[in-house]
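Order as written gives the chain letters A, B, C, D and E; numbering starts at 1 within each chain.
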């Protein structure tokens, strides 16, 4: 396997590691670690494979395409139920900055009765989130609203056109939505609602995972990977938006520096400085998944989360 | 009589061998999945798909999604082929216009429609229209190019004959051009059937509230591969069914045609 | 001389009129976006796209992504058409096998490849292979059906002539079958060009490390429509370029063919 | 009054000028044949008359109307194409019925006319066959029936019988002639068969390289060819250069004209002959003998020259290869060419 | 020793039996013609010999080898197709050079042979044209050149000259005959032109409805046809039913046979004639007069019957329509059919 370590070799050959991801701002720590050469320091040669969707990226990992996968935790839970065992080895954020935007005339969740909303792909994290928001707002999501399914990129068009009445929104796209005069039914940074929906402010949903088998067989590689990631996270949380944007540029072909700065400024509050998943956060995530039907049975922290690598990584300089 | 019997025999052995192939494939799939040579979660396997199909059917969901997708496919096929044939004919008459516009059509057909999701939503919303448009567009590319090509390669002589015998433009079209281009139109339609199905599904990916495309995305994100496969199996059957209709049309419409085989021994036996 | 001049004149006026159309379209688009009749955020507009294209180019990103996508397209076209033509010929020889297998191919072409994303990833991983496979598969459907159809409709007489003059199977293929099916093969390739581009892009949607499909997904998720449009514009040009190559091949390879127009007046002027 | 006028018509394919300023008048109800070597432009001219090919220059008038730019379908012209051009998608019946159906004739009338046309071309058994299932001659007969059934005012026939056996051909020639008369048609036929041309036509126009070399009745062309070309094209004229003729007549011939002699105008005798005034008597050896149906053609070697002599098959007994014979050439049978 | 043996060959298209148990032997270096009405199965037989069509029953032997199931390309047979079947994608030169190129002959040799073949079919000017740019006759000549250039052991010609004008046709007939001899070919030709058949062939096989009605030299078939069918097919026999002949001879004819009379075997006179033993003298009126090249055919009306009489064009002066004439029929010229 490409993950074979070549310890002891004089020329310090790098271990090749492939990371599959659905490229987003959430995983900045890893990109920084890559850009700053932290992986190389650890003896890893990291390559990124970008998928159109998290769950597919995750399947790619299980099919042997990659060693690590960066995505939201829900598919990992779901797959666990299906018999695909994975270990979550680090988290990259502390909370979820998901938002929910209504069209001009929608100011209350309750107004969405009988309307069409977009909540991302069914079964995805945003979907569960919106589902809960709607329940919170006193609606029965299964009956009171129609979930339209579309490409994320089409959502803002659909909202403006009136094809849908409310849409899931990534926090970093907030300004685009306000440009079309959308109302923020749930603002990404609004912790109050979030606490009600998730049961906790902590919600370390953007994670790095690997298959259980890989973690069991290659603890050193995992450790090295996590070491670099944690170092990246530290750098990330201790530098200015401009500096971060500068470093991230190569990972976001097609975005200008201004775009990046804007997005970073919007979501940096959620960046995790230590990459840990708290017991409280896990509880919230598991409960939330159970509530929204992603999970059928409790999984249990230890069965799916392995924080030992992150713990060890904290001291690495 | 004799030769009809031969025909029938041949047909049955073709169908029989084909069935054997398919069944063998299914068994191999089932076996390799159940023997654990790979994790069946990625591809599911026949018995599981069958179970899921039954659930899909009995729950009434199949009907709901099928009716959505099939409506899109039907109208897509209809508009796509009608406009495709029509435009091919128009360009056949006004070849100057044809030369101007066909490269534009070729170029447009190179755009991955999925990328235009926002544009489609902008233009057509999330209803049937966008899916029909997309399916129709993809059918159009197929049928148009097949028909236009056939017209450009037509035998001039029979057009001239028809004209001399007093046929108007429209009559020539109906009685000579369309019948003699029929093999190509039908082959375009065969491509069109696939295109309509794929187009409708992609349309549903772009944005929809139901249909097999919706179901596939939904199931994919829940790792419910059996359901994805169920949808694919149904699409396969729809495709087969539509192709069968085309086969029948071919048999009815192309009685005049003799099919060429490249092998001398086969050629010989074709009377 | 005279008639060559006429040809040239005709060609230039075709190109000129086509350009006028395109430019008019661009202006209309620019105007309607800038006049605010709709929110340009959804479709962007020409001047913005141009600006973005310049950035895209100067940043070196264009080169990087283009080389990825074009590699996939190239190999997809290559394998898809090679296998398509080959299989069509094989089925032309062994028409019995052809009858058995073609319906299966038609049915498979009805599967929206996007739905099989997990399966492809399983089989081919994330590298070039999966994209080439997908592009190639879609090219294959086009080229195969065009070539197979052409072979089935070939004039038996010329096969017989070639055989009598001592041509072996392979020689007949090379000297008679392929040249006389060339109009259809080229038309299949035209469809194949689109298919390769679309296939490569869809492959990149499923998962990739770069390429226009990657760029489109990425940009879409940040609502960066100008970039999406830039990619589409580039794909359009790639499509036009490849079609131009086919035009040139057509001119070289099909000197023997006279093109039919349905209009009597046009027919008349074709010598 | 002429009915069809072809006035200064020219036509080129690229550098190859096929019709060179051709003018031709055809009277109403005339049956005209175009003769000429292969590739000389006969089909091109017929197609121009039908309106199927553009012409570069000139005018075509039909019944005093300029039809040069008129749509072929509006000319009431029927044409039997050299390559038949049957509709491959229609069976024999529908091919023949095509034109009548377009005219919206009543079903029963169509059926009657088609069946009788098919009967006259002897194809009743093939009504349901498709063109791809017919033999060459059968296809040609369908093409014939398809045009005849329309009873056009002008009928153009491009080698209409060349794939049909002699016996049926005779019958069809008669049939066409009959329809031509019955329906007051004006017909223009291309044929390579001199007999056919002579039997059927009122006037023959002989082409050479895109110009008309000679026009006239078949007898005129046959008996008084204007040039060597016509002579050699029409019959099987012995064309003998002045010098050579002078040599074989032992210097008795002293003019400078090349001479033409029809093979059947030469008398052949075994006995010695006396030459009367201006007559030539040549003596030679029979070197070959080719039966050609009702005549036998002797090739007689005189010095180093061969002269053809035709004799009715029943008058030729007694001659065989190697025999020494005397040929008598009467002066009025000799044609002189420049 | 026969070279090609066709043994009990049968072939049907659906319900239509085209070849009915045909057997035929052809000697090495023979030039054979197949005659028969259109649609009687001539092309089908040729194709079977070439190996292009399957046969239902029977065997085909070439040089004592059973080739029934041998690949056409391995038979060293050349064929000129009725429909030419030129390669539309190649120009004239390449069409003709095709077979030689496959044989990997040296370039220069190919060029020479092709050019000389094209010269002999008079197509040098068209070397670069594509088939779609040729006239009908030109296409046929390309087809001819393409086969001849190969010098096959067996040459099958399916109406090889029917689109070519008479003058060139003569030359090509000679050319083919010449090559036939020079290269020891065995040739089988289909033609509708009796003259052609007679000029070219050693043996004629006359078909009728898928069986061979009569085989023989042209003279045999012409002079001693075995049946009414052969008689009416070969010449322009007057076929007269016994009853009618009895009537027009005033009862002098009393047998029960239908009789056949070649038009040129009848003497025509203006003066009254005395009948010698067994001779018949009939008197009638000239009702029509058709010039046919070197002969003129009189149609003489005797009571209600028409009898054709052929006279060389130079011997017929003095006769015109409406004249009363006397016909003399010699007994040895009469053929009797059942």
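Just so it is clear, a residue touches a chain if its C-beta (ideal position, glycine included) is under 8 Å from a C-beta of that chain, and two chains touch if they have at least 3 such contacts.
Given the structure is predicted, the values throughout are model-derived calculations rather than measurements.
Participant: Return the chains shared as contacts by subunit B and subunit E, ordered by label.
Facilitator: Intersection of subunit B and subunit E contact lists gives C, D.
Participant: What is the shortest path, in steps, from subunit B to subunit D when you may only step between chains that touch?
Facilitator: The distance in steps between these two chains is 1.
Participant: Counting C-beta pairs in contact, which chain pair has more, A-C or C-E?
Facilitator: A-C
Participant: Can you work out the whole-Å distance between the CA centroids of subunit A and subunit C?
Facilitator: Here the centre of subunit C sits 38 Å away from the centre of subunit A.
Participant: Rounded to a whole Å, what is the gap between the Cα centroids of subunit A and subunit E?
Facilitator: Comparing mean C-alpha positions, subunit E is 90 Å from subunit A.
Participant: With chain centres defined as C-alpha means, what is the inter-centre distance between subunit C and subunit D in Å?
Facilitator: 54
Participant: If you average the Cα atoms of subunit C and of subunit E to get two centres, how far apart are those centres in Å?
Facilitator: 55
Participant: By the touch rule stated above, which residues of subunit A touch at least two different other chains?
Facilitator: Residue numbers touching two or more other chains: 56, 59, 63, 151, 153-154, 156-157.
Participant: Mark out which residues of subunit B touch at least two other chains, giving numbers and ranges.
Facilitator: Residues 42, 114, 117-119, 122, 155, 160, 163, 205, 220, 257-258, 264, 267 of subunit B each touch two or more of the other chains.
Participant: If you look at subunit D, which of its residues touch at least two other chains?
Facilitator: 13, 52, 71-73, 83
Participant: Show me the residue ranges of subunit E that touch subunit C in the complex, using the header's touch definition.
Facilitator: 50, 52, 71-73, 77-79, 81, 83-91, 98-99, 102-103, 130-132, 146, 150
Participant: Would you tell me which residues of subunit D are touching subunit E in their complex?
Facilitator: Contacts found on subunit D: 13, 35-39, 43, 82-83, 133-138, 140-141, 158-159, 162-170, 192-195, 198-199, 218-219, 222-223, 232-233, 235-236, 262-265, 290-295, 310-314, 333.
Participant: Using the touch definition from the top, list the residues of subunit B that touch subunit A in their complex.
Facilitator: Subunit B reaches subunit A through residues 39, 41-42, 114, 117-122, 125-126, 204-209, 214, 217-218, 220-223.
Participant: Using the touch definition from the top, list the residues of subunit A that touch subunit B in their complex.
Facilitator: 53, 55-56, 59, 62-63, 75, 78-79, 82-84, 116, 121-124, 127, 146-151, 153-154, 156-158, 161, 163-164
Participant: Using the touch definition up top, name the residues of subunit C that touch subunit B in the complex.
Facilitator: On the subunit C side, the touching residues are 10, 14, 17-18, 21-22, 38, 42-43, 89, 92-96, 99-101, 103-104, 106-119, 122, 141-142, 145-146, 149, 151-156, 159-160, 163, 169, 172-173, 177, 183-184, 187, 190-191, 193-194, 197-198, 201-202, 205, 213, 216, 220, 225, 228, 231-232, 235-236, 238-240, 243, 257-264, 266-267, 270.
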